[in-house]
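Below are two complexes that have chain A in common, paired first with chain B and then with chain C.
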Partner chain A sequence: MTVSRKIILAASLGIILTYCAVAILAPMIAPYDPHAITGAPLSPPDREHPLGTNDLAQDIFSRLIWGTRATLLIGFLGAAIAVVLGTGIGIVSGYYGGMIDEAIMRIIDVAMTIPIFPLLLILTTFFRPGIYVIAVLMGLLGSFQGVRLIRSQVLSLAVADFVTGTKALGARDSYIMGRHILPNVLPLAGVKFVFSAQHFMLIGIGLGFLGIGDPSVVDWGQMINRASQNGAIILGLWWWLIPPGLAVTLISLALAWLGYACEDEINPRLRLLRV
Partner chain B sequence: MDKALLEIRGLKVGFPTPDGLVRASDTVDLDIYPHETLGLIGETGSGKTVLSMAILRLLQPNTIIKGEIRYRGRDLLSLPEDEMRKVRGREIGVVLQNSGTSLNPVYTVGDQIAEAITLHQGLKRSSAWHRAVELLDAVRIPDPVRMARGYPHQFSGGMQERVLIAMALACNPSFLIADEPTKGLDAVTKREIIDLFREVNRDRSVLFITHDIEAARNLATRVAVIYAGEIIELGNSGVVLSEPAHPYTRGLLESLPERGMRPIPGSAPSLITPPSGCRFSPRCRCAAEDCKSEHPGLVEVGPGHYARCMLYDRG
Partner chain C sequence: MKGVYIIKRLLTSLAAFCISVTIMFILLRLMPGDYITMYLETIYRYAPPDVVEAFNHVYSFDRPVLEQYLLYLMDAFQGNWGYSLIYKVPVLTVIGEKLVWTMVILVPATALAILAGIGIGAYSGWKRGSKVDIALMNGMIFVRAIPSYWLALMILIIFGYYLNLFPLGGYVDTSALTSGIDPLDVAKHAVLPILTLFLFSVTGTYYLMRNSMLMTAGEDYIITARAKGLDEMTILRKHAMKNAMLPMVTMVTLDCAGMITGSIFVETIFSWPGLGMLTYKALLFRDLPLLQGILLIDTLLIIVANITADLIYPLIDPRVQVGDGV
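Presenting the complex of A and B:
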């Protein structure tokens, strides 16, 4: 690894860990209750309110901190579900091959033609689900790509000599899949997890921005939505609009960097392409 | 002679392909007796590995297998999968070819040998590990305690071959299949591996698959020569490898460097549409008219020495 790549990896890990810490420690860090009226509405940043207040006189800094929870939750929970499902189904499909593989792949072919974002839009508009349900839905709908990715890797592993060798030692299929195939696809699943997390966070922000997120939680998308709907741009209220936007950009960037760095590690040929 | 440990009767193995059925094994009859080493000799693509995979039932699910493979009287081909799993590794061990890729890169070799043990024996991890180190010592890996913690990529080709032998011996099987264990090794390493096998083979029956005639001469009590999926010569290795009856075996010996390195003309025939009559006839110097129409049977040409050639099958 070159020095610059190490710096990028360290920086992205640092940013992600900081966000996680903020999300966990939100009640301790945030100076105010994110829903409480804390002073005059639309006041610019000052000592009382480091990032000012919004039109409801809520403290924007506190809301920004609490919003970390919603964004990370959607991203990481969704990605975890997508990757676990994708890896499990992908391993079974690629290992057994034949009719099982054929059936799974044709279902995935059809399922992948469904665009995730519009479907989520419709579902959330009609059912108004909570944030957990949204994350689970994203995980389910987002797992198809992972199935394909993992399956294609498992196809070659399933006929690898060491798999034949383990069969010849008298191991059962479930044992081979769990102990010999899984560890060999974990790096790929890890990279998929990072990119999925980034993707789902942005979708979550997008849903919030369109005003159809879970209204009971504070999230950056809804903050941006509220700011732009209530004239933050025209009135020049930068402290209302910019912080949630920057927060999203930074975490998204950090995840992308981390993903690329991991991808380079498991596929060294990519390094040459990116120079 | 004792009763055979493994009896193969009329074994036919076919792979369906878009171009037709590939007949990788055609009506193979073979007996392997207790404590004997049977060398199976043939060119690449002659059906050697297919035979070993058929015995272990590790061929692709769409493979067509007919005939019988009886191990200690039980027909392996009709055994339920659960029972077959107990045979693999415990009763029949195998050293696969391509030692470099036959070990999982993510586990230490100690782990992989210990795994071979625990798959069949309810041993604790620590005692399985202890046994793994003993096995590494038995296959003469220096400093086995330290090497057991090494990963496959840290081992040389000869060392990986030894690890695979240790894995195959983990449950002390009474029958061992070794599939080209000397492939791709340099002369010195090859000699060491052959010496190791000489020791290993003492306690068990072995099917030693090779295209290395020197290795077969060193290790095998009997040899079977396979051509285009058929056994064409079978007998005591001393006889077959010094006074071969079949023109193909003669050709193989003449292609050895010390015997003039004369190649056999032509190339191995298609297994989808094998030549009519004797399958070797298109490449055979002795071929007569009837060789192209009559398919010779395996005929006894000396005591325990059989050959499939019209020279001996003209009544």
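Presenting the complex of A and C:
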């Protein structure tokens, strides 16, 4: 790993940890209640309001801080569900092969054809679910790709010598899958987790942007939506529109860089050929 | 083998379509209250029982659930997708009209993204590890990490508002009211949406092409070509590019769902009157029949892209028989 890569990796890890800290400490850091009316509406940044106020006179800086919670929750919870499901089903499918594998793969073939985002839009419009339900839904709908990825890795592991050897010693299938196959696919699952988290965060904020969010939860998507719908562009109110967008872009970038750096490490062919 | 594969493929697609329809059917059953009573009450504050009964009879809501389901499925296959609540015309008519406008920006954006992605990706992968490659790679990661809605807003602000080079939204100028739609005017309005969709899509193509090139560059036939004394450009164009491009066909399949999602945001932000903005409007007005129509059309688009990619693959790579590579 070259020096510049190390710097990028450290920077992205730093950003992700900072976001986590901000999310956890939100009530302590935020100067105001994110829903409270705190002065004049649409006032530009000053000492009292570091990022000014929105049209409802809510402090934008405080809303930005509270919004971290929704973003990280959707991203990480969704990704955790997708990766656990994907890895579990992928291992079983690849290890047993035969009819089980065939059945799972056919189901996935069909499921992959259904456009996930429009489906999610419909589900969220008509059931108005809370943020947890949205994260779980995303995790369930987004697990199919992971199954394919993990399965293709397990297919070659299942016929590897060490697995055949362990089988000859009389080990149970569940033991082999848990102790020998799982550790070998964990790095791949880790990379998948990072990319899924990035993807789900963007989708979650996108839902808020389209106006389908839980109005009681502060999220960056709804902030961008409100600003752009109420003339922040035409009026040149940059402090209203720009901060939530930059916040999303920064965490997305950090996760992407982390993901590519990890992928580099675990994919020897890419690494050998790269430098 | 070939015939069996195509049949299998079509059956899978059919199943996917049926599942989409079934999901919609189940969602409709799960909705609280009965549809007509709620609808009438929102307009008249009163639902006459005989009207409700007549409505339920016409739409077969008084029959057993299984029969309703079969009727629903048959209607879906016959293109009878109900009426849009906001437009008061058949759902398929609205969708057909808007789909054309989506294609106006989607087709050029995708075509440009594929061409540029293949070109830049091939170059980047060929020069692996060089300064240019690393700069390109990091630049692409950067662009890819920007959410499509944010990218669209920024492009709108920079090119539309501050530089004032292009219109802020819509698809025609107000002059179209008197002099009709001018293709040049439409093109001018389409530039920014196309640019956004292009940037959104090119990064994926680039990444795949670069990876594919990294794999190809290590193959024996490249070493052979070099041993023959061919110059680098010829090896790149004639030997490496041709082989590295093959996985790109599958890319179209993967990209299709992403482009549909991307176009929802891009069209909404640029007020482009296509399927994406229609989705947003349908969401805003809770137009259920229209939304389910859009979900079905999206499913169909992905199915068609899948099948096309599958059938094209063996044509461009004679080593692959239909059904084994992809």
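Following the convention adopted for this analysis, the second predicted complex is superposed on the first by the 270 of 275 C-alpha atoms of A that agree within 3 Å, B and C clash if a C-alpha of one lies under 4 Å from a C-alpha of the other, contacts with A are read in each partner's own complex, and residues count from 1 in each chain.
Rule of thumb we're sticking to: contacts are C-beta pairs under 8 Å (C-beta built on N, C-alpha and C of every residue); 3 or more make two chains touch, one makes a residue touch a chain.
These numbers were taken from a predicted model, which means no experiment stands behind them.
Asker: In the overlaid three-chain picture, which partner chain does A:160 touch, first (chain B) or second (chain C), both, or neither?
Answerer: The answer is first: A:160 touches chain B but not chain C.
Asker: Can A:184 be said to touch chain B (first), chain C (second), both, or neither?
Answerer: first
Asker: In this superposition, which partner touches a larger number of chain A residues, chain B or chain C?
Answerer: C
Asker: First (chain B), second (chain C), both or neither: which does A:98 touch?
Answerer: first
Asker: Answer with first, second, both or neither: which of chain B and chain C does A:169 touch in the superposed model?
Answerer: In the superposition, A:169 contacts chain B only.
Asker: Go through the superposed model and pick first if A:210 touches only chain B, second if only chain C, both, or neither.
Answerer: In the superposed model, A:210 contacts chain C only, not chain B.
Asker: Is A:115 touching anything from chain B or chain C once the two structures are fitted on A? First, second, both or neither.
Answerer: Once the two structures are laid over each other on A, A:115 reaches chain C alone.
Asker: I'd like to check the shared interface: which positions of chain A are touched by both chain B and chain C across the two complexes?
Answerer: No residue of chain A touches both chain B and chain C.
Asker: Contact residues on chain A for chain C in the complex?
Answerer: Residues in contact with chain C: 106, 109-111, 113-119, 121-123, 125-126, 198, 202, 205-206, 209-212, 224, 228, 233-234, 241, 245, 248-249, 252-253, 255-257, 260, 269-270, 273-275.
Asker: So in the complex, the part of chain A that touches chain B is made up of which residues?
Answerer: 98, 160-162, 164-172, 175, 179-180, 183-184
Asker: Which chain C residues qualify as touching chain A in the complex?
Answerer: 12-13, 15-16, 19-20, 23-24, 27, 31, 128-129, 141-142, 144-150, 153-154, 156-157, 161, 211, 214-215, 217-218, 257, 260-261, 264-265, 268-269, 279-280, 283-284, 286, 288, 291-292, 294-295, 298-299, 302-303, 306
Asker: Help me check something: in the complex, which residues belonging to chain B touch chain A?
Answerer: Residue positions touching the partner: 56, 58, 61-62, 85-90, 94, 96, 98, 101-107, 115-116, 119-120, 164, 167, 170.
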